[in-house]
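Okay, so subunit A shows up in both of these, paired with subunit B first and subunit C after.
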Partner chain A sequence: MSETGIVIDGVTKRFGTFTAVDDLHITFADGETACLLGPSGCGKTTLMRMIAGLETPSEGRIIIDGTDVTRMRPRRRNIGMVFQYPVMYPTLTVRENIALPLKRDASLSAAERAKRVDEVLEVIDMAGRAGAFIDELDSGSRQKVAVGRSVARQTKVVLFDEPTTNVEVNAKLTLIRTFKEISRRLRQTAVYVTHDQTEAMTLADKIALMKDGRIIQYDSPATLYRQPSTEFGGWFLGNPGMNFIPVTHTTRGLESPLLAAPVPAPDRLGSGALRVGIRPEQLQAGIEPFEGSVKAEVEDCIVGIAGQLLVRLKVADETVKLKTGKLPGLRNHDTIHVAFPNEHLQLFEDGNRVEERG
Partner chain B sequence: MISDRIKNGAYYTLLWAVSLLFFTPVAWIIMSSFKTREEILATPPTVIFTPTLDNYVELFTENQNFVQQLINSVVMSLSAVVIAVLVSFLAAFCFSRFKPKGTNFLMFILLSIRMLPGPAVILPVFLMFANFGWKDRHLPLVLFYAMFSIPFSVWILKGFLDGVSVRFDETGRANGASWFHIIFRVVLPQVKPGLIAAFIFNLIFVWNEFLFNFVIGGVQTQNIPYALAVGTYSDGGLNWTFIAALTSVYILPPMAFIYLFQKYLLAGMTFGTVRGEV
Partner chain C sequence: MERLARMLDDRRTLVFVLLAPVLAFFIVFNTIPTLWLLGLSFYDYSLTSGMPPEYVGFRNFVQIFFNRNGIWGDLSRTFIFVACAVSIQTLLGLALGFLFWGSKNMPGRRLALTLLFTPMVLTPVATGTFWRFIYDPTFGALNAIMGVFGVTEPINFLGDPAFAYWAVLAVDCWMWTPFMTLMALAALGSVPKAELEAAEIDRLTWFQQLRLIVWHHGKFILMLGMLLRTIDSFKTLDLIIPMTNGGPGQQTRLVAVELNKQAFQSFNMGWSSAYAVLLLLISIAMTSVFIHVLNLRRRRERS
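== the complex of A and B ==
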């Protein structure tokens, strides 16, 4: 095993009869930031806790930089971890809190320690408040210090367990910027658990989308967004998620009352249920009919960020979501026209993506 | 408004009266320790008198054993309680964090040991001490007292430790801290009220312990309760000057202790259920 990074090799974790993590195989590459993304209870936190050593896998192995750490105690694993709730020594200053874990490392001289702490303080942008006590800081800054403390040891791996959950919105953005800066500067292997897709999209080199203890897809954020491998991925990512329209496979191609013309079908198709997916922002819409459009009735209309309209449409008995900035003044029960551009349609068979469409 | 004030006033007067009534015996014995033998037994009791330190001087200088007994009491209670609290803290930490199989049952057993009346075990304990040659030796007696104090302390401390979130442990463990560091530097400071409460409860128990000291102790290990029980009749009748002076010295340390740490004592009596958010 000369592979670097973190290798999860067939790891399963059961709590009683409940399987939290189910036979996972995944490699988090050296120096990359990987996000574990998924709904609550999908096993992402359990997986992270197993990497940290706070839980022991029921089956399988965890290998960090070629060393099997499955049964190793947390402190021997060369990891740092940031939790949801920052836990600090309230009687120590910011600087002392960051410096404390470094004292364990006898190979560091006092000068080196100080240098590292200074470096970390600068990265987390807290140099000006190094002498402050933890009680004087707001939750966002506390979390920053927690991050600083975890990265200061320059461990091989840094784990983040939903670190922004308990931080207010503005501080959250600063914090995310700090994470970005840290991963850019320190190049530690990072695993970041979140249920916030924006966070995952911003931070991750690669996102592992999880559901029911399994990894659905492990790809770069852009790929994950553009080409979800499953309907679940399309639905989970994006705000709102993908539209899915049932289609039937005929000799003319894929047909649906929603599509003005049949769509060419790929060569090989099974006999499973077929649906095409399209993102709400990829729909074309207009007040007047246009080429390839079908009639739609507005059911509900919400004004979103930056004048974006979020519209729920009724098209031939299917409910479709549309995101557009072009149609101001829409009201419920208005009639508009929408088209589903061919190039944006993605075909799914039984929930799984069908590749190489014709 | 005025009737309210009167009501309140009457209420507090009553409370004070009851408190003072309960305090009378203590006041009487302390006052008596400054009186001569005749004044103590005078009817009606003398309230105005010229205080004398004779009783104390006699106690400390003429009573050969007293100083040794006082030292025994102080040293044995403190060391027994320190050992007990330390062991209990580690045991409670284990119960609270690792939840070994049968934790609830073990906790029940622990408490039931505490329910056992001393006289019920005195015979086997005496035989054990006699046969092992532990009788009248300080260390075995200290350990015995510690053993007797541990169950209750584990109970108190487990309540407190359950109130300290595992977040603290996990943050430490995942960031390179040793168990030693987590237990003593991260968790211990947060259960200080519990430690102090356990300390005081046990201190009171060991300080007041007579039966076991009488049976498995000896000349070397006599404590103050023993001195009080034995010395009371030493000159034929009740030696009131001795009793008064000795009792005054005897109740002073625990009283001072409790006065200093009374807020923790209250926290301990609620078994750690009253605690701040962590």
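== the complex of A and C ==
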């Protein structure tokens, strides 16, 4: 095997009768940042712990840079890892914490080691607090130290296990900025577990969307967002997720009471349940009727960030979510008009995306 | 009723009302007896002679200090007993604690733990009694077992001055090592798993993990256990009475045994009170160490 990066080859992990990770095949390319994204219990953390060596797969192999590490102890794998719980060794200062894993590296001289630590301190923006102890730092800073310690060794692989979970909101942002800075500078292969889609979108070169121990889609953030391969992907990504409208396939195309005119159908279609998906921000809306619009009743509206309105609409007995900045002063039970632009509609058959539309 | 409710609305009254029962209890059952004890220690007062208490000043204390077979022998035996018992029990407890900690998936672990903890829940008097039978030179199990291994001359463990002290110490260890195992397990249980996992990934050596993580998180609980054992073994009495009752000679006469004999068998109340006052001072010193260590943790947390 000469393939670089991390290769997950048919890995399954069972805990008793529960299958956490189910026959996974995926390759995390060298030097890329991959995010494992999914709801809790989807197996993302288990997968990461297997890459780290903290769990052993029930079946399958894990290969890092051509070496089969499936049964190798974590300490021999040349990896770094940041945990959900900010690990900073107590009784040691920030500087000593970062220097600690380097001490066992005989290839570095003391001067090189000190230089490396200084670099890391600068990247994590803790140079001014190098002498601080754990008691003097908030959880965000502790997590930064943990990040510094895991990248200081410059291992081939760095793993992040939901590192921002136990950190408060403001520190979260600086922490994410630190991650970006580090991945830009070090070009290590990083795997980042999160259930926060914004984080995944910001950090990842590629996102692996997981559900029930399987990978649903492995794509760049933009592709994942624009062209989800499944309804689950469309629903899980975006805030709020995609709208799905059942359609029927007739000779005129795809029809629904919500669509003013039929939509052209693709050439080959099975007999499964058909639904079109559209993101809430892609709906067009107006107070007066307009070309291609249908009538909608406002059920509920919430003011979101930056004056964005999040509106729940009732359109021909279907509930539809709309996100818009254009309709201020909307009230419940108002009547407005919405349209579902053709170019934004995506067709799903039995939950899976139908690729080519005719 | 309403007036009472209004009265209780006042914070200071409420505090006083809530404190009153425990204060009353403390004064009646703790403070007054202690002061009584202190007073009695200056009297010559024997319950058996029928004489009224006679004020003798410091004579009881002087007698205790200058008696050749008195407190100095008892105290040195007791301190050696405490030092040996606590260190042996801590070391064995730690060893067992690490074994059980590292074998979380071993089948039968719970059963083994339950069996291990049984000595601790026995009544010390019962423990002492059946160990006296085990140690017995003629029909004891221990001599029978040693006979199998070729020891023909039975050893009178509790009757032989060369063995008695250590035989009693061994029983104390048998009984209380489980307690230290429990404390060691609690201490090890307080070590965050993530830190150990991080240490494994950071390639920390076994010794570094022990020093930087396990000791840091576990030391307070472990020290608490050691201090409880220290104070408890200083008072060892119920284990010794059925086994040797202080003998042979004075080989196993610890301070509590002597005090028990003087106070409740000879009824020398004045002398015993003076002796008890001295033990109380030593106990207060030990308790201060104990409280100091506990406060150390709180001081750290505040900073």
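In this text, the second predicted complex is superposed on the first by the 358 of 358 C-alpha atoms of A that agree within 3 Å, B and C clash if a C-alpha of one lies under 4 Å from a C-alpha of the other, contacts with A are read in each partner's own complex, and residues count from 1 in each chain.
Rule of thumb we're sticking to: a residue touches a chain if its C-beta (ideal position, glycine included) is under 8 Å from a C-beta of that chain, and two chains touch if they have at least 3 such contacts.
Every value quoted in this text rests on a predicted model; they were computed, and no experiment measured them.
Peer 1: After the alignment on subunit A, I want to confirm one thing: do subunit B and subunit C clash, or do they fit together?
Peer 2: Taken together on subunit A, subunit C would clash with subunit B, as the superposition shows.
Peer 1: Under the stated touch criterion, which partner chain does A:D135 make contact with: subunit B (first), subunit C (second), both, or neither?
Peer 2: In the superposition, A:D135 touches subunit C alone.
Peer 1: Of the partners subunit B and subunit C, which touch A:G80 in the superposed model: first, second, both, neither?
Peer 2: Both partners, subunit B and subunit C.
Peer 1: Based on the superposed arrangement, let me know which partner A:L345 touches: subunit B (first), subunit C (second), both, or neither?
Peer 2: After superposing on A, A:L345 lies clear of both subunit B and subunit C.
Peer 1: So, does A:L92 touch the first partner subunit B, the second partner subunit C, both, or neither?
Peer 2: second
Peer 1: Mind checking 2-10, 38-46 or 218-226? I need the stretch of subunit C that runs into subunit B in the superposition.
Peer 2: 218-226
Peer 1: Determine where on subunit A the residues touched by subunit B overlap those touched by subunit C, and list them.
Peer 2: 52-54, 73-75, 79-81, 83, 85, 87, 89, 101, 104, 146, 149-150, 153
Peer 1: Residue numbers of subunit C touching subunit A in their complex, please.
Peer 2: Those in contact with subunit A are residues 192, 194-195, 197-205, 208, 212-213, 216-217, 300, 303.
Peer 1: Looking at the complex, which residues from subunit A come into contact with subunit B?
Peer 2: 52-54, 73-75, 79-81, 83, 85, 87, 89, 101, 104, 146, 149-150, 153, 155, 159
Peer 1: Write out the stretch or stretches of subunit B touching subunit A in their complex.
Peer 2: Going through subunit B, the ones touching subunit A are 165, 167-168, 170-178, 186.
Peer 1: What part of subunit A is in contact with subunit C in the complex they form?
Peer 2: The contact residues of subunit A facing subunit C are 52-54, 73-75, 79-81, 83-85, 87, 89-92, 100-101, 104, 135, 146, 149-150, 153.
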